[in-house]
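Both complexes shown next keep chain A, but they swap its partner, so chain B is in the first and chain C is in the second.
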Partner chain A sequence: MNEILIQYYPEIIIFCSILLSLIFSVMQAKMEDLMNFVLTVGLFLFAILVVFKGKIFIHTDYILMKEPFTYYFKAIALFSFIVIAIILRKGLRDFSIEINEFPVLLLSILLGTFLLISGNDFALIFLSVELLSLSTYVMCAMTPGFKNSTESAMKYFILGALSTSFFAFGIAMMYGVSGTFSFYDIELIMKAQTEIPILFQLGCVFILVALLLKISAAPFHVWLPDIFQGSPLAVVIFIGTIPKIAALGILIRLLYGPFEPLYQSWIPIICICGLLSVGWGMFSAMGQTNLKRLLAYSSIAHIGFIILPLINQNIRGLQASLSYLTFYMLTLLSVFGIILWFQRIGHKIENIKDLSVVNRYHPNMTALLGLLFISLSGMPPFSGFFVKLHVITSFFANKESMSSVLISVYLLLMSVVAAYYYLNIIKEIYFNNLPEASIMKQAPINDILAKTTIIVIALISIGFFWIPLISQIREDLIGKAVSSLMRL
Partner chain B sequence: MILPLIVFTPLFMAILAWIILPHFKPISTHILTTLGVGFSMILSIILFVPFFHFVPQTIELFPWIPLEGYTTYWSLKFDPLVGVMLFVVTTVSFLVHVYSTEYMSHDQGSSRFMMLISLFTFFMLFLVTAADFLQLFCGWEGVGLCSYLLIGFWFHKDSAIEAAKKAFIVNRIGDLGLIIGMAVIYYYFGTLEFTQIFDKLPTMINISLPLGFSLMDFITLMLFIGAMGKSAQFGLHVWLPDAMEGPTPVSALIHAATMVTAGVFLMVRCSPLLELAPVTKDIILLIGSITAFFAATIAITQNDIKRIIAYSTCSQLGYMFMAIGSGFYTGAMFHLFTHAFFKATLFLGAGSVIHAFSHEQNIKKMGDAFRHIPYTYAMMWIGSLALIGCPPFSGFFSKESIIHILSHTSGSIGTFAYLVSLFVAFLTAFYAFRLIFLVFHGKSNADDKVVAHIHESPSLMLFPVIMLSILAIFIGVMTYRLFLNPDVRFWVGSHVVLSPGVHYSLFDPVLLLPILGIVLAWLIYIKEFPINVFCKTHLTLIYEFLFTKWRIDELYTVLIINPIFSLANILWKMGDEKIIEGIGPKFLTQTTNYLGNKIKSLQTGYISDYIIVIFIFLVLLIPLIFFGSYK
Partner chain C sequence: MIEQIVFYTLATITVLASICVISLNNPIYNVLSLVVAFFGVAGLYFMLNAQFLGLSMIIIYVGAVSVFFLFVVMTLESSGYKHEEKISWKKKALGIFLGTSFGAEIASIILLKINASDFPKEGGSFTLKDLALSIFHDHVYLLELMGIILLVAMLGAILITANKIPIQQTLKKQKAHQQNERSREDSVKIVKVEFGKGIK
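Our next item is the complex of A and B:
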């Protein structure tokens, strides 16, 4: 029993700290102290994860799954959490986090994420999805007097409710066939059967659609651009990263776990959604002038790149998918981090054009941002190129079929479109002469820690394929995660 | 060790001048480049003067293109032929450098000018010391490039830019011939090195190409096309008169003494090949005589002092090619040698005249200047006498020997060439002295202001001209035995095909022709016999034909330039803009943008729309589970 408890330490700690922060916020603690507390919790958890790295023992029949794969996803989620906590520690301009519930929400999202990633039971993952989603809805709506924010929170809530209903419906069908919620049992039952019941397949479709809604893969992405545009940056950076990591984690675990026997059903769904995401995201991003909206569409396209290799059902595909996810999360964090940094020193970045004004005052940070965009567009020698290469070559790992050739050609063509709008940003930054724009007269918030963190993350994300130590860690972690998931 | 120093010092100085150019006064670059070329000159005189100690050698610097079975080296070759060229190039170049320091001193880009002529000198030396065709081609292109840059030196003048472009483009046509020749040589001989090619010659005589060409004829014809471009032979000569847009020292160095003779050098270098190609030799003889004739006829009508000398150069180059066509390679080389000095004298003297007349180039607006600029006057006399082949001057020995050999050349083309050479000798004397009489004698046609300003050039400009004129007087007497007497064994080791010796006679009736020309010029322009007026009014057609330079430029415009331009226009407007760009980039970008906008408009912002979209796709996805078979 003790061993099991040790395994559950992270979740227990988060839960306790939620309670603690509730008490703190009731006690009218200062915002910065609360954020520091959140940061401390994050760092402490990270330390625990590092300590327990070697002590994972896999048991598939418990309610919480502990294996290198979930460990890896938790690590990314926690890393993002810490980075965001560092960035948000001293507050923001357009977003008043002087609302004391903010840390509680942050920690709830983290708890939901952790439970979702390692949930081994449909009832549990349903609850954790709800915990995660409800916290994010509240977070979106938390800016009083900000009309767009309320609107986007409303949309998010309604579509989230739709997703939840699909999810619940799918789980109900699953339960109806198998009589259990446990992944382990369901998988056993499936494998025992010669012919898979239709209800089970239907349930699978509904659950997948719900999760695809959560990760905003096309054609279920419609809510994302509005949320991105409407919410304050501090919220966007949160909902753009951590919930997606969680949803992707459980999606991959489902696909390679209980839904494995159903691969004939889910492969076309993932394939079509992936292809649609890439195309739809790329083309929609082209005409955007609002930076957040553009990032939303590009995030849809990148999600396509992340889920497409899953249809290969091989190690290479999974590795490519995880590499891409890590790369994309790091890059997105640093892009948002830099934009946030601009915002807190007084430059409001709403449209792409605003960047050219910033460039005049902070050329170094803008150059870093430009490099990040170039890396995102997939240009060598930056990481973006290598992860795309990884994705495309993974289609040829097993055998060369017509469909894999077609998919890779399609991805290459779409990368050209991506290059168009990412380079367009570079063009807007450097080759546009704009009249002097007004600078906000507020005193800039100086936060060396945040700035340093952003720069380090950005550099890691640009070069994480060839910075020796980091690429070694990446290979090691991803390799272990993949082999644990594939039960090798 | 001396040879690399000769070749690379000008390059080194040019680079040094280029580096320090923005930081120091112009005078420093002048001194640097002049000293560099002077150093080269001294070394080449050391190599050239002890005539009998030539040791033909090839210094391999380092490998360039390693191929399977054949590796090209950067190398420097030395033999008598190279020695002659080194002497000519470095001497004229040094004197032109000295002259330019003064002549260009008031120009803002004088440092650039010095750097460029230094660079040109390097490329020319690189060309002549080449041991294989490939390296020769590098030098060949290098001098072409420098010529382009120097013709267009005053790049704010449209005419200069046009002339530079013309020179470059016309030379490309010739270069194409050279490249084809080189390619065919490499194909059949498997090497591009001169010595190896000459060694393999006996095995290659009987190879014939399709369409009835013999291999040798084809190769040498292609090489000759290259030489035609560089040496401004009839057909590809159009760039040379226009090249006079460049500063006068450039005309003296590049377009009289050195670069334009590169074609002659190439032909002499390939004389063993040419000896096996009778057809090409006939063609060369024909083209050479046509060039000599047509350029001389144009020169008698022109009024621009530099253009007259330019056509004269063209005409003299025709003489050299006539010599080559008749197998008299040493004579061609000898004429190249003497011509370099007296033509440089004439050009630099003309520069001095232009300088004196406040940058006036029209000889009709000069006159009666001999009292004001006596030194220049004397130099022009010496240069002209040497040009027309007056006995003790250097031109006599070279031109006389060529006419002598031509008189023994058999065949109808040979006879034609002989007659042309005689007639051109007459014309040469006429236009040379027409120039002198119009510039220095008669009544002054210049403005009073200009006349009051006529003055002798400074000594820095006179010194090089005097040196060149001394060479123009004596170099022929000093060296004709060396070049033309086979008993002296001067050419040993150079593969140049020799011809029997020439005997000079002061009582050759041929010498009457130049005298006739001088007398005619004297009658017309001093005694003012209205012969020229008569020609202008009664032989208008011929006069116009000559005055408009045989209408070659117009012919080219109609026959070549206009069709190419209209074809290019069609390809550009129709082919490129409409078809390729219309179907390719434009269509693609427009479609992509259109698609992007369409897809963007799907995002309405209404939550009911969103839900409908989600439901539609959910319903569409469900059937997929029944026939999904990706693997």
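Our next item is the complex of A and C:
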């Protein structure tokens, strides 16, 4: 029993801290204290992850999997969690009323993420997806008086319920054929058979659809822009990053684990979804004037870039996918962090035009934001260029196949479209007539720690391909993760 | 022998109760006979050694669903149910379709001479004890996780529906210290009013 319990140590810590923070919030603790508690929990977990790095359990028959791949994803998720906790440390502020239960939801999302990333059992994965999505629905719906909040939460809830039903149906089919929930056993059963039964393929398709909806790949993306626009920034920064890391983690582990023998049925799905999300995201982002909506569409496009290299089924593709994910999450965090910081010090930022007003007061931070956008568009000296290059060259591994050449040409063309609207933001910031200044009446929060963190994260995300130490760590971690997943 | 007696009693109760469900005039009696029919079916499940199915039949259908039906019937129809004189052709068509399909099902069982032995036997009996072991021992971590999910769901329901405005602002009550701190100078002003001009 003890060995099993040791296996669950991060999850048990998060579970206990959920209950503790619930008690604190009932006792009407201050928001700042609660967020400090959340931050402490995050830092503690991070320390534990770093200390136990060498001691990784590989028990394929347990319901939780501990391998370098899950370790890598947990590290990204926890890192984003800590950054968000630091940014939100001084209270939420853009809610009309401080909601004390917010930290409980944050921690329960973290628990769902951890379980989802390392789950080795379909029943466990189903439950952790439920935990994750329930907390996000509540986060979206609980902001009173925020415009469109209830509508977007309702949309999210209905689509999420649909995806859950698909997920359950797919799992039922898998169970019906194999009689087990364990990934390991299902993979063994599938590999033992000469001809894979149709129910396995159907179940695989259903589960993939549900997960693609969670990461908002193209035909299943409609909820994302509304959620981004309708929720306050403190919620958006959370929903945009951590649940997506979790869903991508389990998606990649499924594709390269139990679904590997089914590659003929999942490669077309992932390919079509990836191509559609790149195109759809890029072209829809062009006409947007609302900054959050634009970021939502660009997020859909970047998800396409993350899932497309998976169809190569080789090490290069997987490495490209993982480094793109890391780059994108870091950049998204710092973009939202900067916008949130602007809001904290009293500038309301809703449309792209509002950025030009901010530029008069805080030219340095706006310049950093501009650099981040340039990096996202894929201009050469920044890391956005390198990750895009990595993705596109990963298709050159099999030169004889015409389709992969076509895909890489398509991605190149779409990057040009992306450059258009990211540069358009920079044009709006610097070369526009300034509209009237709109400064909120709230007292500004000057949080030095948050500002420093945002700047550091932004610099890392801009240059994480050529800052020596960080690129070393990145290559090391990604290499280990990929080789553990491909079982090399 | 005893088994057969019990089976036929339960089957008769179930069939009679189901006939009552559709033939009695008072809707409350209909729902009550539905409850009786559910009990009969639950008893049949117990006879088949499917204890959990029987218990969940009682808990879910008798305990929750029929009570819900009763609530609906009692709140909707206080003056008693009236039969429709004319039944529309849509309902007739639906009735004919359902009747023929059920009839065909029964006829196929009789005509094709399907025996109970044709169906696969259950692989070992799965009793309540096995179920309890499976939930509370093999999958105990999943059970814990379900607890957390329910906690978050409850928290979310309260957060979304509860009144967000703090109590101090909504509650109208005396604020004693403010009343005590008021002085005559703050609240009363003596004005000399000229005739015909009024107070500004």
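Throughout what follows, the second predicted complex is superposed on the first by the 476 of 488 C-alpha atoms of A that agree within 3 Å, B and C clash if a C-alpha of one lies under 4 Å from a C-alpha of the other, contacts with A are read in each partner's own complex, and residues count from 1 in each chain.
Here, a contact is a pair of C-beta atoms (placed from the backbone, for glycine too) under 8 Å apart; a residue touches a chain by one contact, two chains touch by 3 or more.
Note that the structure is a prediction, hence the values are computed from the model and not measured.
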Touched partner set for A:Ile63, first chain B, second chain C, both or neither: second
Touching partner for A:Ser265 - first (chain B), second (chain C), both, neither: first
Partner chain in contact with A:Leu124 - chain B first, chain C second, else both or neither: second
First, second, both or neither for A:Val138, with chain B first and chain C second: second
Most chain A residues touched (candidates chain B, chain C): B
First (chain B), second (chain C), both or neither touched by A:Asp226: first
Partner chain(s) touched by A:Ser108 [first = chain B, second = chain C, both, neither]: second
Which superposed partner A:Leu159 touches (first chain B, second chain C, both, neither): first
Touch list for chain A against partner chain B, complex: 154-155, 158-159, 162, 166, 201-202, 204-206, 209, 213, 219-220, 222-223, 225-226, 262-269, 271-272, 280, 283-288, 311, 313, 403, 417, 420
Residues on chain B engaged by chain A in the complex (per definition of touch): 592-593, 595-597, 599-600, 603, 605, 607, 609-611, 613-614, 617-618, 621-622, 624-625, 628-631
Sites on chain A touched by chain C in the complex: 8, 15, 18, 22, 63, 96-97, 99, 101, 104-105, 108, 111, 115, 123-124, 127-128, 130-131, 134-135, 137-138, 141-142, 144
In the complex, chain C residues that touch chain A: 139, 141-142, 144-146, 148-149, 151-153, 155-156, 159-160, 164-166
